[in-house]
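Following are the structures in question.
Note that subunit A is present in both complexes that follow, paired respectively with subunit B and with subunit C.
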Partner chain A sequence: MARALAQFAGSLVRASTWRLALRGLGRQPRRSAVVLAAVAIGLGSLLLAMALQYGLVGQMAETAIRSEIGDLQVHASAWKDSAPLAERMPEAPSLAALDGAQTLIGVAPRLRGEALAQSPRASVGVRVIGVDPAREPSVTTLASLVQEGAWLGVQPRRALVGGGLARRLRTGVGDKIVLAVQDVRGDLTGEAFRIGGVLNPPTRELDESVVVLSLPDAQRLYGVAGEISELALAARDRAALEAPRAEAAAALGVGVRVETWREREPLLSMMIELFDQMGWVIYAAIFVAMAFGIANVLLMSVLERTREIGILLAIGMPPARMVAIVIAESAVLVMVGVALGFALGFGGIYALRDGIDLGVFGDGLRAYGMPTKLMPIARSGDVTAPLVVAGVTALIASLWPALRAVRTRPAEALRRA
Partner chain B sequence: MPLIVRLAWRNIGRNKRRTSLTVAAAVFAVVLVVHMIALTSGMHDRMIEDNVRMHAGHLQLTGAGYLEDRTLERFVRWTPALAATVDSEPGVAAAAPRVNGFALLSNGPASQGVALLGVDPAREGGVSTWPARIVQGEFLDGEAREILLGERLAEALGARIGGEVLVYTVAYTLENAYELFRVRGLIRAPDPRLERSLALISLADAQALFAYDGRVSEVAMLVRDPARLEATRAALAADVAVHSTEPLDVNPWQRVMPELAQLIRIDDVQNYSMLAILVVVVAFGILNTILMSVLERQRELGVMLALGFAPRAIFRLVYIESLLLSGIGLAFGLVLALPAAAVMERHPVPITGDIQKMTETFGVTPVITWELTAWNPAIATSLMIAIALLAALYPAAKAASARPVDALRSL
Partner chain C sequence: MATLQAEKVSKRYAVRGIETWALRDVSLAVEPGEFTALAGPSGSGKTTLLNLFGALDAPTSGAVSLDGQDLALLSRSQLAALRLAKLGFVFQAFNLIPVLSALENVEFVMELQGAAKAPRRERARAVLADVGLAELADKRPLEMSGGQQQRVAIARAIVSEPRVVLADEPTANLDSVTAGKLIDLMERLNRERGVTFLFSTHDPRVIERARRVVRLRDGSVVADERDA
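The block that comes next holds the complex of A and B.
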């Protein structure tokens, strides 16, 4: 057995094995071409479909991170989403602590609260985000979402609202709204703001139920001068968030909690993981369907060569070598097919790099924070998953044909011709 | 059996190994297709039903244009005559009027902006699942100034059952309105974000608070037969128009929850693109088998042509072979897949762990449901026929164009 394995392994690295395999496939070029086409077209279209689907999920994460969350967020240890005003951090010392951080490229302080926004026509419950107009653009795209009017600047008492909220309040740029809030002492209070700009945010929540104020305005409104509820951070390297997390935690000391966007948005992160797992299932399903076709071709090729194989075995070729040849044939078919499939798939991804307009699906996508322009995004998994699955497929598909080949009885095979 | 079918049958029987591998691929495809369609339609139906029954209803009667801005300015006058019209509509199973407003709730130093919902305690249970979602205390029963809070909202406000919360809002008349409400019960909603910002009061209290005398924002309804939604919608729209002085809309759930309708459409597009790829791969397998069998039979086909077989008959012969291959695959596939899917249809599989939370956030019960309809085998069948027709095109043309002389000489 050990000897057979050694022969098998030895055969796989010999050039003559692969030459024989290629010759076997070349005998019926049309048949081999059909299998190649099946693998190539199947894999190519699958790659493109997966990249487009990931484009949907990935852009969704990107949108959420870029428009509001940031790569990392810092809160007081006891802070809760449900009571955003209850736990706060000092503004100036926190900023000073993080400004020299090597792993961060942006730090944006915020104050979060709840309010009832009232216009002369209607009233709507909203989330209030007080932002530092100068620092916010270093972390999020919020400033670039201004569709009408202007980003927060020097003028006090300006509010930015999403287009959806403006519509619900029946107001526009220049109109006054009143934000009624409960301040930090528990008193009901309120202040009038002029709408300085209307945003066109990518998510429905931001669009319909968020009011953005300048940080000093928000601090005055809630009665918490010099305090913030959150720091949103942009990391230098967004793929490795542990280093900036550690640096920020060390710089800020005890009493704060630094979280990555994955921890802040566990659902989003989970959806991406689920998607990755689904990817393997889908690649596997399509390759199983391909395996039948590959096995068929190999088996036919082995059966046609019964006489030749019989002679080879009769003159003393080790059966392990025969198995290696059939597996090599399978590997050549699959690998050439996969290479062509990659070319097709990535070619398609490249051709669609500018994105497909999803206007037909419209609002539904926005509500879930999905993009309305779909761009295919290929990831490393789109290379490794097909390669691994294809390798397994090549092996499995060649098992029956290989066994069949070594079971050929030389005497019978020779007699037959 | 006609001669040509017998010939085709014999031909695919000549190489049993090749035929069985090809049929196996077809069986695999059919099983995959049947289960995938059953799973997605099960999931979509559950998403729709769960969302419809949670709150929205199949149909919503609103003031014209209400869905655009959802303000108090657009309303329905909920008169006894209108109620009688809605209740006597044959397609409508239940109807519940609601007032939808916003308010700031506060309890001591804690405050929270909420969607404040005024519901008719006697009718609400017929349409939505709110009464069943009480986790502590009781549902509203018409007692004045009582309020139900989302569990997380109560936690954020530090409010307890029996305690009071202050509701502050702006009425229809644009005057500020304050009122103290006693907490009667806590509600658990599937979506944590919703639960954190939802409070229910009685319809009468809401109408008093918002100075909304006799008006409601929407009347949510369940229909008896969701398959006849559009017919019921049209009939109702015609009937209520008679009883109302203001223009009204009757909106189907697809308009009330466009996100859901579109999410389902996108999911369908994704699933069908996967099925299309699978079909192509299986079609290539059948193509190869038929093509090989045609190439091996060049001589035989040449003889047939020489004996006076029409090229069209040869073409048809190859087509029948292809249809037989995919037909056998289809038959075995359906026999394997349908009973399994039928069993699974009765035994939904609960989802646990992280994915459970995710489905709940989308307002969907965390179970995997199979749903079998006549559509399912019909789609599988048409896919397999499409595969057979596509796959045989080239081999059949090749066979029909065989030249008797060449074919005979080639031996």
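The block that comes next holds the complex of A and C.
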């Protein structure tokens, strides 16, 4: 067995094995071309479809991270989304602990609360986010979403609202709104703010039900001077969030909880993971179907060449070499097909590099945090997954024909011809 | 010790449930350096006996040995190695690999034996020149005549200097002039290099050139004639 395996491995590196395989495939060029086309078109379409799907979920994640969440968030251990004011952290010591962290490129303190926003014409229940105007742009793109007016500055009592909320309140830049809240002691209170800017956020939730204040204004409104609800963090490497999580946890000590964006958005995270798993399933399904086609072609080729295989075995070709030739034929078919498929798929991705404009569905897409311009995103897995699956396919598809070839009895093959 | 030996060898084929005995209790020994013809009409068992000596088929009963090695005791891979090391084949229908050139066909046996590219190519060209085909080295089989193909087959059979060449009706598809040249070539190899030849034929012109003629009929040896 070991000898046969060594012979097989040795055969695979011989140029003549590949020459025989190529010439064998060249005997029926039309048939080989049909298989190549099937592999190439199947894989190319799949790559493009996967890139568009990943573009969709990837942009959804990017939107969530960059518009509000950040890569990581820090809260007091007992903090809950449903009662954002109940548990708080000291602002200055928390910032001091994280400033200078090697794995972070941005730290933004926030205070979260709830309010009733009132204009002279309407009232709307809203979420209030108090942000540090100078630090927030290091973590999110909120500041760049201002479509009218200006980002928060040093002027007190300025509020930013989404275009949707402005419409609901029937108000605009320069108008006043009143935020009625229940402060940290449970007392009803309120304050008037002038709308300093209108945002154009990528999600309906930010657009229609969020008011952004400067952190000092929010702290005064809720009566929590010097305290914050959360720290939003931007990591130096988003693909490796465990290091910044560990560094932040170590710097802040006990009593805090550091979560990644995946933990803050479990549904989105699950969608991405599900998509990754589905990718393998789809690749496997496509290639299993291809494997039957390839096995069929190889088997036909082997049966047509019964006499030739008989000759090769008669003149002393080791069975392991015969197996290597059939596997090489399969590998050539699959690999050339995969190369063409890559060219088609990545060519398509390149052609759509500017994105597909889905603006006509804008409102509906924004409601689910989906992008209105769909950009295909290719990943390294789009190369490695097909290569791995194709390699396995080439092997599996050729096993039956290869076994059929080595079981050929030379005398019988020569007699039959 | 005989180079080739068959002891009470029988071979039965079953085609659609009908059994046919191709050989019955055949015993034959071929000594080193012999130039032996297996003669007999079609269906007498010549090809079957050659296939058994060439380890291409297994007998239904009896034993076949090559240089004293019982072929029944060898695995498929060991039989392939044995054929590669010791035997050369010439088949009736040429049986060259159609996708390889004449040179590549001849060279292929040495490549299987692990010979380095430069010397094996040089040797293959020399042997092709020996059989008068130097100028057709790069032609594929379908671009050559039957006689040329058979000469390539001879070149392939002898290129690695095997101990034994088994030839099945080597002149069957050739005109008399080409057949005569082929027998000349085989005789020369036998005489100059000591290669043992065992070939089947029913061509009287070939039979009369053999130094030993074993006659078969209905799967049995009916005569074994040697030159005086």
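A few notes on this one:
The rule we apply is simple: the second predicted complex is superposed on the first by the 411 of 417 C-alpha atoms of A that agree within 3 Å, B and C clash if a C-alpha of one lies under 4 Å from a C-alpha of the other, contacts with A are read in each partner's own complex, and residues count from 1 in each chain.
Rule of thumb we're sticking to: contacts are C-beta pairs under 8 Å (C-beta built on N, C-alpha and C of every residue); 3 or more make two chains touch, one makes a residue touch a chain.
None of the values given here were measured: they were computed from a predicted structure.
If you put the two complexes together on subunit A, you find that subunit B and subunit C both fit without a clash.
Of the two partner chains placed around the shared chain by superposition, subunit C is the only one that A:Arg3 touches, whereas subunit B remains out of contact. Of the two partner chains placed around the shared chain by superposition, subunit B is the only one that A:Arg168 touches, whereas subunit C remains out of contact. Of the two partner chains placed around the shared chain by superposition, subunit C is the only one that A:Arg23 touches, whereas subunit B remains out of contact. Seen from the Cα centre of subunit A, subunit B and subunit C lie 100° apart once the structures are superposed, a value rounded to the nearest 10. Comparing subunit B with subunit C, the partner in contact with more residues of subunit A is B.
Of the two partner chains, subunit C is the only one touched by A:Pro318; subunit B is not.
Touch criterion met: A:Ala411 reaches subunit C, while subunit B stays clear of it.
Once both structures are fitted on chain A, no C-alpha atom of subunit B lies closer than 13 Å to one of subunit C.
Taken together, the two structures place no residue of subunit A in contact with subunit B in one case and with subunit C in the other. Residues 3-4, 7, 14, 16, 20, 23-24, 26-27, 307-308, 311-321, 406, 409-412, 414-415, 417 of subunit A are the ones touching subunit C in the complex. Every residue of subunit B that touches subunit A in the complex is listed here, in rising order: 15, 17-18, 21-22, 24-25, 28-29, 32, 68-73, 102-104, 106, 108-115, 152-153, 155-156, 168-170, 174, 196-197, 258-263, 265-266, 270, 273-274, 276-278, 280-282, 284-285, 287-289, 291-292, 295, 354-355, 357-358, 361.
Contacts from subunit A toward subunit B in the complex involve residues 28, 30-31, 34-35, 37-38, 41-42, 45-46, 49, 53, 56, 80-83, 86, 114-116, 118, 120-127, 167-168, 170, 180-182, 184-186, 188, 204, 266-267, 270-271, 274, 282, 285-286, 288-290, 292-293, 295-297, 299-300, 303, 361-365, 367-368.
If you check the complex, the residues on subunit C that touch subunit A are 47, 51, 54, 56-57, 76-77, 80-85, 87, 89, 91, 93, 95-100, 108-109, 111-113, 156.
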